[in-house]
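Chain nomenclature is as follows: A, B and C, assigned in order of appearance, with residue numbering initiated at 1 for each chain independently.
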Amino acid sequence: MELFVQQLVNGLTLGGVYALIALGYTLIYGVLQLLNFAHGEVYMVGAFTGFFVMVGLGGPGKPIVPVWLMIVAMFLAAMVVSGLLGVGIERFAYRPLRESTRIAPLISALGVSLFLQNAVLLLFGSRVRSYDTPRYWSGAGPQVAGVQVNPVRILVLVLAIILMVGLTRLVEKTAFGRGMRAVAYDRDAAVMMGIDVNKVIVLVFFVASALAGAAGVMVGLVFFNVNNYMGFLAGLKGFTAAVVGGIGSIPGAMLGGLLIGLIESFTTAYVSANFASVLSFLVLILVMLLKPRGLLGTRAIVKV
Amino acid sequence: MRAQPEPAGAALSDGPPGPLTPLLQLSGINTFYGPVHILEDVNLVVGKGELVCLLGGNACGKSTTLKTALGLVAPRTGTVTFDGVDVTSRPTSERVRRGMAVVPENRRLFAPMTVLENLQIGAWVRGAPDPADLDRVFELFPLLEQRSAQIAGTLSGGEQQMVAMGRALMSRPSLMLMDEPSMGLSPRLVEQSFELIETLHRDGVSMLIVEQNANMALSIADRGYVLQTGRIVLRGSAQELSNHDELRRAYLGR
Amino acid sequence: MAEESLAIGTDEWVAAHEGRTSGQVQGPVARTFGRLPWWVWGSIAVLVAVVLPLIGSTYLMRVGVNLGLFLMLALGLNLVVGYAGLLDIGYVAFYGLGAYGFAMLASDKFGVHLPTVVAVPVVVAAVSIFGLVLGLAARRLLGDYLAIVTLFFGQMFVEFALSGDAITVPGRAEQVDLTGGTNGITDVDRFSFLGVEFSSDRWYYYLLVVLVVLLALAVRRLDGSRIGRAWKAVGQDPLAAEAMTMPVNRLKIMAFVVGAGIAGLAGTVFAAVQRGVFPSSFDLPLLILLYAAVILGGSGSLKGALIGAALLSLLPEALREPSYSEMVFVLLLVAGLALAVRSWRDRIIVVVATVVFGFVMNLLFTLLHVQGVPASAWTSGPVSTLLGHWLFVPQDRVLWGNLGFVGLVVLLAVLTLVGTRVRPILLPAIVWLSIFVWFVRLADVPSITRQLLIGALLIVLMIVRPQGLFGRRQVEVL
């Protein structure tokens, strides 16, 4: 029972992180029908930014500001840097290809991914860096069903939920959200209505990438280690989550993220860590064969 | 290749007549898709308060002319002037802000969104939607007020046409560009649709209508142009065009 | 035209289409190559390939073997992506399966030593079956979905190879080791045919020459054949192909199987020549390199795939040796500059400005009291001294190199944003900075540099010439 509760919390935390990454894929796919393979790298840069802010504020050893302030600064910095990076990627690697063939932005995205991975390797080396959260933040967490739960995980889960609720409100209630949905549904018609599509797309990239940046800091806080290769696998997982939930669907990405997170944490605990990825892959295949649009998807990917 | 025709096309009479000031003016437009020459030396004027129609068969460049006016397609040479300002290199969003609005071919509603949301998007360039605009649209199309929470994609064809026109009106345009307003509508709805166009025109909105249904278009237009394989081959008042022998044989079926 | 009758419909427009097109559809490179018939170029290439070992060192043979393997893979991927239009991002996994398959059947790992003539066909058949299974699973998936599934397939292979050394089998106490994990499988048998053992790289080199030539000829034949046309039709427009009663799904699966078989065959050769297999050989970088090769040449084009693969396979070799790479880099930079700046007047201005810029930067570094060492590039003498004053090499190469790298990326980004008027002003700074970054930092880390260059190349190529060197631009009418 204790293991179960523990793994449930772990799975939900992990799921929240995957959901945030998946939301980025889904938002960008929604407006551009583009699989942004570089999204995982944006997340990695977010994790690095959070790390450097932490070190700048006194590091895991002696923070020069209160811990809560340090964590707020880490999140804000990571979200801004990742957001700007996403905007830059869109501007230089995708926008010139907007009217090109369908395969061109995919290849360009692979190029961006490779370039960012190695640029970070060049600048910061291959050394694994650790957030080392327990050194500045330890303490008893709340009790869930009689089981002590790590407070960092609770914080991450709560933050992920807040970000997701905020995003949902942004998309459904604001003028920007309306414009975004219009661009997603029919870009040409949106242009005809006088919507500055470039502006909308830039904002979407900023929001999507900022979410990935936040996810990067969350992973750092929970699992400590960051390196330049971390983006690939996490990106892949977030991507799976987006597709399982139905790419282009915002609730789908959240559901998919939670599902993949739970599957992974329970497989690791009850079966074997080796099978965690394999099982998520199987789930992906299964969903795609049974429900090609994803669990909550409304739109199939039909264009080639 | 045959001999070059007179660039502006054969004029039955010189338009725009009288003291009208031009609102939209395309001059010397040449547009290419890749290496293919689509529009050749197109000159076209819509005066303030005018209702002008652009006629022609399939794939003769009518829609491209409209897209060029709206800035969706960039001409290789030539200028687009709107309300006295050269907007040739200005983006669509700015042209809409300056007072162009379009009712696109096939209406192009945002199908998964509600009627109200569609109308709100029409007011995008005005920043915060003005309740007065919405009231005006609901006054013109009382049905839309009842349907405002309905998903646009579930409306009937005629209702969708209303949403499309209402959406265009939400930006308070001085010029409305209509691409094939009769397409896909039953004859009764076509008539209804053209009545609406006339109403809006009387309200003071200038119009450029691209239409295959020449009969219908000429019946409400002030002037017209005939486009063929990318060139304007004929222009004149609606009266003159309706009486033109060859045009009648080719398009009007009488 | 007003005098003539007004036509209805588009017949005339369509008929006049040729007269209305302007400009050249083929690129300059394709036209240059088109001047000589294909077999002349082919014969020259084969001749060079056959003669090369007579003058070549063992190092050169190594390069040749790698090139041969890469060419095979590029040809196979070109069939799948270029012809059939299937975005297979897991292609490298088939290569890995071939290599691991051969290693399992011909090494001490399980004590099995099948003769080459048995092992290779068995492995190729097995890999093809994997292709069939994946093809079946993916047959209904279009474009992006196919990319996703194959991406995962590729990743699963790497993951399996990495963690396949400790597989828990139900009902057995100890774990089973299939793949050797990170250590891979070593001491793989060499190829041997009819009692002749392929003892050196030279043997494999010739084997690969034969394989590549056969494969290229086969692809050439395919070009004009029924199935080749059908694949291209499926690649360009599956819906239209379906409407033409082509068995689209079967054609797709066939392309998958053939592509997988070719990769599997290349994998067996790889395992034998390396005498070992490791998971890291089959990871994403190789895949991206392959895609870059196919796309650089122009996907769907045979010579494009061959030349693209040759260029990208040999480029890293040129970068391996720092002294070499500096020369290559400067030459490439000068060539690129000559292409970018068209008039002689501007070229001279840029060169002079670059020289001046370098001296100014040198002065700046000195004024800031940055610790430096003399630029040791090239020989001593007055040129070297002058160069030393032009190119400052700081003591802390990593720090300054990194700063320079960031600055260079920013400058290049700015370059794409500003108008053509401002560009010449930025060029000298970019030229100097790229030489600085190269000498100070990038030349020291060739493997990272290679990846950076390939990544940048993919982005730039897609923007500048998405159809590749030999491809044809498609005109899409709205």
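Some points to look at:
Operating definition for what follows: contacts are C-beta pairs under 8 Å (C-beta built on N, C-alpha and C of every residue); 3 or more make two chains touch, one makes a residue touch a chain.
Going by UniProt, the chains are A, C = Branched-chain amino acid ABC transporter permease; B = ABC transporter ATP-binding protein.
Since we're looking at a predicted model, the values are computed, not measured.
At the far end from subunit A, in terms of centres built from Cα atoms, lies B. Ranked by C-beta contact pairs, the top interface belongs to chains A-C.
Centroid to centroid, with C-alpha atoms defining each point, subunit A and subunit B lie 44 Å apart.
As a whole-number value, the distance joining the C-alpha centres of subunit B and subunit C reads 49 Å. Put simply, the C-alpha centre of subunit A and that of subunit C have 30 angstrom between them. Subunit B meets subunit A in the complex at residues 70, 72, 91-93, 95-97, 101-102, 104, 108-113, 117, 120-122, 124-125, 128, 167, 171.
Across the complex, subunit B is touched by residues 175, 178-179, 181-182, 185-186, 188-196, 298 of subunit A. Of all residues in subunit C, only 85, 87, 137, 140-145, 147-149, 151-152, 155-156, 159-160, 163, 166-168, 238, 284-285, 288, 291-292, 295, 299, 402, 405-406, 409, 413, 416, 441-442, 445, 448, 451-452, 454-459, 461-463, 466, 474 touch subunit A in the complex they form. The touching residues of subunit A, counted against subunit C in their complex, run 35, 88, 92-93, 96-97, 100-108, 110-119, 121-123, 232, 236, 239-240, 243, 272, 274, 277-278, 281, 284-285, 288-289, 292, 301-304.
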